[in-house]
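You will see two complexes here that share chain A, one where it goes with chain B and one where it goes with chain C.
So, the complex of A and B:
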(Lines of atoms letter the chains of each structure in order from A and count residues from 1; the text may use other names and numbers.)
(Lines give C-alpha, C1' and ligand atoms only; values in the text may rest on other atoms or scores of the structure.)
Protein backbone atom coordinates (compact mmCIF):
# COMPACT_ATOMS: atom_id res chain seq x y z
CA UNK A 1 0.00 0.00 0.00
CA UNK A 2 1.50 3.28 -0.96
CA UNK A 3 2.09 5.53 1.95
CA UNK A 4 2.35 9.18 0.95
CA UNK A 5 4.82 9.74 3.68
CA UNK A 6 5.68 13.29 4.58
CA UNK A 7 8.98 13.34 6.45
CA UNK A 8 8.33 12.81 10.15
CA UNK A 9 4.72 11.82 9.54
CA UNK A 10 2.94 10.75 12.71
CA UNK A 11 3.48 7.25 14.05
CA UNK A 12 0.65 5.07 15.27
CA UNK A 13 1.15 5.30 19.02
CA UNK A 14 -1.64 2.87 19.83
CA UNK A 15 -0.12 0.13 17.69
CA UNK A 16 3.36 0.84 19.05
CA UNK A 17 2.05 0.56 22.59
CA UNK A 18 0.46 -2.79 21.84
CA UNK A 19 3.69 -3.95 20.20
CA UNK A 20 5.59 -3.01 23.38
CA UNK A 21 3.05 -4.84 25.54
CA UNK A 22 3.29 -8.01 23.48
CA UNK A 23 7.08 -7.82 23.39
CA UNK A 24 7.25 -7.41 27.17
CA UNK A 25 4.83 -10.29 27.79
CA UNK A 26 6.72 -12.52 25.37
CA UNK A 27 10.07 -11.83 27.08
CA UNK A 28 8.47 -12.57 30.46
CA UNK A 29 7.55 -16.04 29.19
CA UNK A 30 11.11 -16.53 27.90
CA UNK A 31 12.55 -15.72 31.33
CA UNK A 32 10.17 -18.20 32.98
CA UNK A 33 10.83 -20.91 30.41
CA UNK A 34 14.58 -20.61 30.92
CA UNK A 35 14.06 -22.06 34.38
CA UNK A 36 10.94 -24.09 33.62
CA UNK A 37 11.60 -25.62 30.18
CA UNK A 38 9.00 -28.35 30.62
CA UNK A 39 6.12 -26.01 31.45
CA UNK A 40 3.86 -26.46 28.44
CA UNK A 41 1.22 -23.86 29.34
CA UNK A 42 3.82 -21.09 29.44
CA UNK A 43 5.41 -22.43 26.25
CA UNK A 44 2.04 -22.15 24.52
CA UNK A 45 1.72 -18.64 25.95
CA UNK A 46 5.14 -17.75 24.57
CA UNK A 47 4.22 -18.91 21.08
CA UNK A 48 0.94 -16.98 21.22
CA UNK A 49 2.58 -13.71 22.33
CA UNK A 50 5.45 -14.15 19.86
CA UNK A 51 3.03 -14.77 17.01
CA UNK A 52 0.83 -11.78 17.87
CA UNK A 53 3.95 -9.63 18.24
CA UNK A 54 5.42 -10.67 14.87
CA UNK A 55 2.13 -10.15 13.04
CA UNK A 56 1.56 -6.74 14.55
CA UNK A 57 5.12 -5.60 13.79
CA UNK A 58 4.72 -6.77 10.21
CA UNK A 59 1.41 -4.94 9.83
CA UNK A 60 2.81 -1.81 11.42
CA UNK A 61 5.86 -1.74 9.19
CA UNK A 62 3.81 -2.19 6.05
CA UNK A 63 1.72 0.83 6.94
CA UNK A 64 4.07 3.12 8.84
CA UNK A 65 7.53 2.10 7.76
CA UNK A 66 10.34 0.26 9.49
CA UNK A 67 10.45 -0.29 13.22
CA UNK A 68 13.56 -2.37 12.72
CA UNK A 69 16.19 -1.45 10.17
CA UNK A 70 15.99 -5.08 9.03
CA UNK A 71 12.57 -4.44 7.46
CA UNK A 72 12.92 -5.69 3.91
CA UNK A 73 10.31 -3.57 2.18
CA UNK A 74 11.54 -0.10 3.02
CA UNK A 75 10.05 2.42 0.64
CA UNK A 76 11.78 5.00 -1.45
CA UNK A 77 13.06 7.39 -0.28
CA UNK A 78 14.65 5.96 2.87
CA UNK A 79 12.61 7.49 5.71
CA UNK A 80 14.41 5.97 8.69
CA UNK A 81 16.21 9.19 9.65
CA UNK A 82 13.02 11.23 9.29
CA UNK A 83 11.07 9.14 11.78
CA UNK A 84 10.77 10.44 15.34
CA UNK A 85 13.30 8.83 17.66
CA UNK A 86 11.72 6.38 20.13
CA UNK A 87 12.18 8.82 23.00
CA UNK A 88 10.41 11.52 21.05
CA UNK A 89 7.21 9.52 20.86
CA UNK A 90 4.72 10.55 23.52
CA UNK A 91 2.86 7.47 24.74
CA UNK B 1 47.72 -8.41 67.56
CA UNK B 2 44.13 -9.38 67.81
CA UNK B 3 42.97 -11.24 64.76
CA UNK B 4 41.62 -8.78 62.22
CA UNK B 5 37.89 -8.82 62.91
CA UNK B 6 35.33 -7.29 60.66
CA UNK B 7 33.24 -5.05 62.88
CA UNK B 8 29.90 -3.59 62.11
CA UNK B 9 29.37 -0.99 64.80
CA UNK B 10 27.53 -2.54 67.73
CA UNK B 11 27.45 -6.01 66.13
CA UNK B 12 29.44 -9.10 67.23
CA UNK B 13 30.37 -10.38 63.79
CA UNK B 14 31.94 -13.63 65.04
CA UNK B 15 28.64 -14.85 66.49
CA UNK B 16 26.73 -14.17 63.26
CA UNK B 17 25.90 -17.03 60.83
CA UNK B 18 26.12 -16.50 57.11
CA UNK B 19 22.72 -16.20 55.47
CA UNK B 20 21.10 -19.12 53.65
CA UNK B 21 18.94 -17.68 50.91
CA UNK B 22 15.93 -19.77 49.92
CA UNK B 23 13.80 -18.83 46.93
CA UNK B 24 10.63 -20.91 46.54
CA UNK B 25 10.26 -22.40 43.07
CA UNK B 26 7.77 -20.40 41.07
CA UNK B 27 4.70 -22.35 39.94
CA UNK B 28 2.77 -21.04 36.95
CA UNK B 29 -0.88 -20.52 37.75
CA UNK B 30 -2.09 -17.47 35.89
CA UNK B 31 -0.90 -14.46 33.94
CA UNK B 32 -1.85 -10.84 33.38
CA UNK B 33 -2.86 -9.49 30.01
CA UNK B 34 0.06 -7.99 28.05
CA UNK B 35 -1.33 -4.51 28.70
CA UNK B 36 -1.47 -5.03 32.44
CA UNK B 37 1.85 -6.89 32.50
CA UNK B 38 3.72 -3.96 30.97
CA UNK B 39 2.05 -1.56 33.38
CA UNK B 40 2.71 -3.71 36.47
CA UNK B 41 6.19 -4.77 35.49
CA UNK B 42 5.51 -8.52 35.51
CA UNK B 43 3.37 -11.06 33.70
CA UNK B 44 2.92 -13.14 36.85
CA UNK B 45 0.53 -12.09 39.66
CA UNK B 46 2.66 -13.88 42.24
CA UNK B 47 5.59 -11.59 41.36
CA UNK B 48 3.65 -8.33 41.55
CA UNK B 49 4.81 -6.84 44.85
CA UNK B 50 5.12 -3.06 44.60
CA UNK B 51 6.82 -1.33 47.51
CA UNK B 52 4.20 0.02 49.88
CA UNK B 53 4.80 3.38 51.63
CA UNK B 54 5.18 2.59 55.30
CA UNK B 55 5.95 4.41 58.54
CA UNK B 56 9.69 3.78 57.98
CA UNK B 57 9.49 4.67 54.27
CA UNK B 58 9.13 2.08 51.53
CA UNK B 59 9.64 -1.62 52.29
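So, the complex of A and C:
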Protein backbone atom coordinates (compact mmCIF):
# COMPACT_ATOMS: atom_id res chain seq x y z
CA UNK A 1 0.00 0.00 0.00
CA UNK A 2 1.28 3.42 -0.94
CA UNK A 3 1.73 5.16 2.40
CA UNK A 4 2.77 8.39 0.68
CA UNK A 5 -0.75 8.71 -0.67
CA UNK A 6 -2.03 9.71 2.74
CA UNK A 7 -1.33 13.27 3.75
CA UNK A 8 -3.97 13.25 6.53
CA UNK A 9 -7.05 15.37 6.03
CA UNK A 10 -7.09 19.03 6.99
CA UNK A 11 -9.25 19.90 9.98
CA UNK A 12 -11.13 23.07 10.74
CA UNK A 13 -11.56 22.78 14.50
CA UNK A 14 -13.71 25.89 14.77
CA UNK A 15 -16.16 24.58 12.20
CA UNK A 16 -16.00 21.12 13.77
CA UNK A 17 -16.95 22.60 17.15
CA UNK A 18 -19.92 24.33 15.54
CA UNK A 19 -21.03 20.99 14.05
CA UNK A 20 -20.61 19.39 17.50
CA UNK A 21 -22.75 22.11 19.09
CA UNK A 22 -25.57 21.62 16.59
CA UNK A 23 -25.26 17.84 16.96
CA UNK A 24 -25.67 18.24 20.71
CA UNK A 25 -28.67 20.54 20.25
CA UNK A 26 -30.26 17.77 18.18
CA UNK A 27 -29.47 15.10 20.81
CA UNK A 28 -31.05 17.24 23.53
CA UNK A 29 -34.21 18.10 21.57
CA UNK A 30 -34.65 14.47 20.46
CA UNK A 31 -34.50 13.26 24.08
CA UNK A 32 -36.99 15.89 25.18
CA UNK A 33 -39.38 15.14 22.33
CA UNK A 34 -39.34 11.42 23.15
CA UNK A 35 -41.28 12.15 26.34
CA UNK A 36 -43.04 15.32 25.04
CA UNK A 37 -44.03 14.32 21.49
CA UNK A 38 -46.70 17.04 21.19
CA UNK A 39 -44.46 19.94 22.23
CA UNK A 40 -44.58 22.04 19.05
CA UNK A 41 -42.03 24.74 20.05
CA UNK A 42 -39.31 22.15 20.78
CA UNK A 43 -40.20 20.26 17.59
CA UNK A 44 -39.66 23.50 15.62
CA UNK A 45 -36.37 24.03 17.45
CA UNK A 46 -35.29 20.49 16.61
CA UNK A 47 -36.09 20.99 12.93
CA UNK A 48 -34.12 24.23 12.84
CA UNK A 49 -31.06 22.61 14.51
CA UNK A 50 -31.26 19.63 12.15
CA UNK A 51 -31.44 21.87 9.10
CA UNK A 52 -28.44 23.97 10.22
CA UNK A 53 -26.53 20.78 11.12
CA UNK A 54 -27.11 19.19 7.72
CA UNK A 55 -26.05 22.31 5.82
CA UNK A 56 -22.90 22.78 7.89
CA UNK A 57 -21.94 19.09 7.60
CA UNK A 58 -22.37 19.29 3.83
CA UNK A 59 -20.09 22.34 3.65
CA UNK A 60 -17.53 20.69 5.94
CA UNK A 61 -17.48 17.49 3.91
CA UNK A 62 -16.95 19.43 0.67
CA UNK A 63 -13.95 21.30 2.07
CA UNK A 64 -12.32 19.13 4.72
CA UNK A 65 -13.47 15.53 4.46
CA UNK A 66 -16.07 13.10 5.76
CA UNK A 67 -18.15 13.40 8.89
CA UNK A 68 -20.07 10.33 7.64
CA UNK A 69 -18.37 7.35 5.95
CA UNK A 70 -20.90 7.52 3.13
CA UNK A 71 -22.17 10.63 1.45
CA UNK A 72 -22.87 11.88 -2.04
CA UNK A 73 -19.82 13.00 -4.01
CA UNK A 74 -17.25 11.21 -1.83
CA UNK A 75 -13.85 12.21 -3.17
CA UNK A 76 -11.10 10.16 -4.73
CA UNK A 77 -8.99 8.84 -3.12
CA UNK A 78 -11.23 7.47 -0.37
CA UNK A 79 -11.07 10.06 2.40
CA UNK A 80 -12.87 8.32 5.27
CA UNK A 81 -9.64 6.64 6.42
CA UNK A 82 -7.81 9.94 6.75
CA UNK A 83 -6.56 11.01 10.16
CA UNK A 84 -7.17 12.70 12.50
CA UNK A 85 -9.99 10.77 14.16
CA UNK A 86 -12.07 12.54 16.81
CA UNK A 87 -9.88 11.32 19.69
CA UNK A 88 -6.74 12.66 17.98
CA UNK A 89 -7.89 16.27 17.72
CA UNK A 90 -7.03 19.09 20.12
CA UNK A 91 -10.27 21.03 20.47
CA UNK B 1 -28.41 -0.05 13.31
CA UNK B 2 -25.86 2.49 14.31
CA UNK B 3 -23.98 4.98 12.16
CA UNK B 4 -20.78 6.70 13.23
CA UNK B 5 -20.22 10.45 12.98
CA UNK B 6 -16.55 11.45 12.85
CA UNK B 7 -16.95 13.90 15.74
CA UNK B 8 -17.07 13.72 19.54
CA UNK B 9 -20.30 14.67 21.26
CA UNK B 10 -18.33 17.19 23.36
CA UNK B 11 -14.66 18.31 23.25
CA UNK B 12 -12.25 16.20 25.30
CA UNK B 13 -8.91 17.88 26.00
CA UNK B 14 -6.24 17.45 28.67
CA UNK B 15 -4.11 20.40 29.75
CA UNK B 16 -1.27 18.05 30.76
CA UNK B 17 -0.70 14.30 30.68
CA UNK B 18 -1.31 12.37 33.88
CA UNK B 19 -1.12 8.53 33.93
CA UNK B 20 -2.25 8.40 37.56
CA UNK B 21 -5.48 10.17 36.66
CA UNK B 22 -5.94 7.95 33.59
CA UNK B 23 -6.14 4.92 35.89
CA UNK B 24 -8.90 6.63 37.90
CA UNK B 25 -11.07 8.13 35.15
CA UNK B 26 -10.96 4.77 33.30
CA UNK B 27 -13.71 3.61 35.66
CA UNK B 28 -16.16 5.63 33.55
CA UNK B 29 -14.92 3.65 30.52
CA UNK B 30 -15.37 0.16 31.95
CA UNK B 31 -16.39 0.39 35.60
CA UNK B 32 -19.68 -0.48 37.37
CA UNK B 33 -21.22 2.97 36.82
CA UNK B 34 -19.37 3.70 33.58
CA UNK B 35 -20.57 4.59 30.13
CA UNK B 36 -20.22 1.13 28.57
CA UNK B 37 -22.45 -0.35 31.27
CA UNK B 38 -24.95 2.47 30.78
CA UNK B 39 -25.11 2.04 27.02
CA UNK B 40 -25.46 -1.75 27.05
CA UNK B 41 -27.99 -1.62 29.88
CA UNK B 42 -30.35 0.65 27.92
CA UNK B 43 -29.97 -0.90 24.50
CA UNK B 44 -30.55 -4.34 26.07
CA UNK B 45 -33.70 -3.17 27.86
CA UNK B 46 -35.35 -1.43 24.91
CA UNK B 47 -36.75 -4.51 23.13
CA UNK B 48 -39.46 -5.34 25.66
CA UNK B 49 -40.25 -1.82 26.85
CA UNK B 50 -44.06 -1.63 26.42
CA UNK B 51 -44.55 2.10 25.69
CA UNK B 52 -43.26 4.01 22.67
CA UNK B 53 -41.80 6.88 24.73
CA UNK B 54 -39.82 4.29 26.71
CA UNK B 55 -38.43 2.47 23.67
CA UNK B 56 -37.28 5.74 22.10
CA UNK B 57 -35.76 7.02 25.35
CA UNK B 58 -33.78 3.82 25.94
CA UNK B 59 -32.62 3.78 22.32
CA UNK B 60 -31.46 7.40 22.25
CA UNK B 61 -29.91 7.52 25.73
CA UNK B 62 -28.19 4.18 25.06
CA UNK B 63 -26.79 5.70 21.89
CA UNK B 64 -25.63 8.85 23.65
CA UNK B 65 -23.88 6.80 26.34
CA UNK B 66 -21.80 5.13 23.65
CA UNK B 67 -20.68 8.61 22.57
CA UNK B 68 -19.73 9.22 26.22
CA UNK B 69 -17.75 5.96 26.19
CA UNK B 70 -15.79 7.51 23.32
CA UNK B 71 -15.25 10.78 25.22
CA UNK B 72 -13.82 8.96 28.26
CA UNK B 73 -11.73 6.78 25.92
CA UNK B 74 -10.37 9.98 24.40
CA UNK B 75 -9.40 11.36 27.83
CA UNK B 76 -7.61 8.13 28.83
CA UNK B 77 -5.86 7.97 25.45
CA UNK B 78 -4.68 11.59 25.67
CA UNK B 79 -3.59 11.27 29.31
CA UNK B 80 -1.01 8.55 28.50
CA UNK B 81 -0.32 8.89 24.76
CA UNK B 82 3.38 8.49 24.00
CA UNK B 83 4.55 8.42 27.64
CA UNK B 84 7.54 6.04 27.85
CA UNK B 85 7.36 2.80 29.84
CA UNK B 86 10.06 3.88 32.30
CA UNK B 87 7.86 6.80 33.33
CA UNK B 88 4.62 4.78 33.38
CA UNK B 89 6.16 2.09 35.59
CA UNK B 90 6.25 4.50 38.54
CA UNK B 91 2.59 5.48 38.20
CA UNK B 92 -0.77 3.93 39.05
CA UNK B 93 -1.03 3.16 35.32
CA UNK B 94 1.79 0.54 35.50
CA UNK B 95 -0.51 -2.51 35.91
CA UNK B 96 -2.61 -1.33 32.95
CA UNK B 97 0.55 -0.91 30.86
CA UNK B 98 1.69 -4.42 31.84
CA UNK B 99 -1.52 -5.95 30.49
CA UNK B 100 -2.58 -3.60 27.68
CA UNK B 101 0.21 -1.17 26.89
CA UNK B 102 -1.41 2.20 26.24
CA UNK B 103 -4.46 0.66 24.56
CA UNK B 104 -7.83 1.46 26.06
CA UNK B 105 -9.47 -1.41 27.93
CA UNK B 106 -12.84 -1.39 29.67
CA UNK B 107 -11.92 -1.87 33.33
CA UNK B 108 -12.61 -0.04 36.56
CA UNK B 109 -10.23 2.06 38.65
CA UNK B 110 -9.01 -1.09 40.42
CA UNK B 111 -8.30 -2.83 37.10
CA UNK B 112 -11.27 -5.21 37.21
CA UNK B 113 -12.45 -6.03 33.69
CA UNK B 114 -15.91 -4.85 32.62
CA UNK B 115 -18.62 -7.40 33.26
CA UNK B 116 -22.30 -7.65 32.29
CA UNK B 117 -22.93 -8.35 35.98
CA UNK B 118 -22.84 -4.56 36.41
CA UNK B 119 -26.15 -4.25 34.58
CA UNK B 120 -29.65 -5.64 34.80
CA UNK B 121 -32.40 -5.93 32.23
CA UNK B 122 -35.93 -6.90 33.23
CA UNK B 123 -39.07 -7.50 31.20
CA UNK B 124 -40.87 -5.74 34.05
CA UNK B 125 -40.51 -2.15 32.81
CA UNK B 126 -40.77 -0.52 36.23
CA UNK B 127 -37.91 -2.67 37.51
CA UNK B 128 -35.77 -1.68 34.51
CA UNK B 129 -36.52 2.06 34.65
CA UNK B 130 -35.89 2.13 38.42
CA UNK B 131 -32.51 0.50 37.72
CA UNK B 132 -31.83 3.19 35.11
CA UNK B 133 -32.71 6.03 37.48
CA UNK B 134 -30.30 4.58 40.05
CA UNK B 135 -27.62 4.11 37.38
CA UNK B 136 -27.80 7.78 36.37
CA UNK B 137 -27.42 8.88 40.01
CA UNK B 138 -24.46 6.55 40.58
CA UNK B 139 -22.77 7.85 37.44
CA UNK B 140 -23.41 11.45 38.53
CA UNK B 141 -21.85 10.74 41.94
CA UNK B 142 -18.84 9.06 40.28
CA UNK B 143 -18.27 12.10 38.06
CA UNK B 144 -18.34 14.29 41.16
CA UNK B 145 -15.66 12.14 42.85
CA UNK B 146 -13.54 12.29 39.70
CA UNK B 147 -13.98 16.07 39.37
CA UNK B 148 -12.99 16.48 43.05
CA UNK B 149 -9.70 14.66 42.34
CA UNK B 150 -8.70 16.69 39.25
CA UNK B 151 -7.03 20.08 39.00
CA UNK B 152 -6.98 20.11 35.19
CA UNK B 153 -9.56 22.67 33.97
CA UNK B 154 -9.92 20.93 30.58
CA UNK B 155 -10.73 17.57 32.18
CA UNK B 156 -13.06 19.19 34.71
CA UNK B 157 -14.92 20.89 31.84
CA UNK B 158 -15.49 17.59 30.00
CA UNK B 159 -16.43 15.65 33.15
CA UNK B 160 -18.84 18.45 34.16
CA UNK B 161 -20.61 18.08 30.82
CA UNK B 162 -20.90 14.33 31.34
CA UNK B 163 -22.15 14.83 34.89
CA UNK B 164 -24.84 17.20 33.63
CA UNK B 165 -25.96 14.62 31.06
CA UNK B 166 -26.59 12.12 33.87
CA UNK B 167 -28.92 14.67 35.47
CA UNK B 168 -30.81 15.18 32.19
CA UNK B 169 -31.09 11.43 31.60
CA UNK B 170 -32.42 10.96 35.14
CA UNK B 171 -35.11 13.53 34.35
CA UNK B 172 -36.09 11.78 31.08
CA UNK B 173 -36.23 8.34 32.77
CA UNK B 174 -38.39 9.86 35.50
CA UNK B 175 -40.83 11.03 32.83
CA UNK B 176 -40.84 7.54 31.28
CA UNK B 177 -41.66 6.08 34.72
CA UNK B 178 -44.66 8.45 35.08
CA UNK B 179 -45.86 7.45 31.60
CA UNK B 180 -45.44 3.78 32.55
CA UNK B 181 -47.64 4.20 35.60
CA UNK B 182 -50.33 5.87 33.42
CA UNK B 183 -50.05 3.01 30.95
CA UNK B 184 -50.37 0.40 33.70
CA UNK B 185 -53.43 2.14 35.20
CA UNK B 186 -55.09 2.11 31.76
CA UNK B 187 -54.14 -1.51 31.33
CA UNK B 188 -55.73 -2.48 34.60
CA UNK B 189 -58.91 -0.57 33.79
CA UNK B 190 -59.39 -1.72 30.18
CA UNK B 191 -57.04 -4.62 29.68
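Methods note: the second predicted complex is superposed on the first by the 84 of 91 C-alpha atoms of A that agree within 3 Å, B and C clash if a C-alpha of one lies under 4 Å from a C-alpha of the other, contacts with A are read in each partner's own complex, and residues count from 1 in each chain.
Here is the rule we go by: contacts are C-beta pairs under 8 Å (C-beta built on N, C-alpha and C of every residue); 3 or more make two chains touch, one makes a residue touch a chain.
As the structure is a computational prediction, the values presented were derived from the model and not from experiment.
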Just chain B (first), just chain C (second), both, or neither: which does A:24 touch? both
Mind telling me which of the two, chain B or chain C, contacts the most residues of chain A? C
Could you look at A:16 and tell me whether it touches chain B, chain C, both or neither (first, second, both, neither)? second
When the two structures are overlaid on chain A, which partner does A:56 contact: first (chain B), second (chain C), both, or neither? neither
Go through the superposed model and pick first if A:79 touches only chain B, second if only chain C, both, or neither. neither
Report for A:39: first if it touches chain B alone, second if chain C alone, otherwise both or neither. first
Using the superposition described at the top, list the residues of chain A that contact chain B and also contact chain C. 20, 24, 28, 32, 35-36
Within the complex, chain A is touched by chain C residues 3-13, 53, 56-57, 60-61, 64, 70, 73-74, 77-78, 168-169, 172, 175-176, 179
For a test of understanding, state which residues of chain A touch chain C in their complex under the given definition. 16-17, 19-20, 23-24, 27-28, 30-32, 34-37, 66-69, 80, 85-87, 90-91
Which of the residues in chain A end up touching chain B in this complex? 18, 20-22, 24-25, 28-29, 32, 35-36, 39, 41-42, 45, 49
Applying the document's contact rule, which stretches of chain B touch chain A when the two form their complex? 26, 28, 31, 34-35, 37-38, 42-44
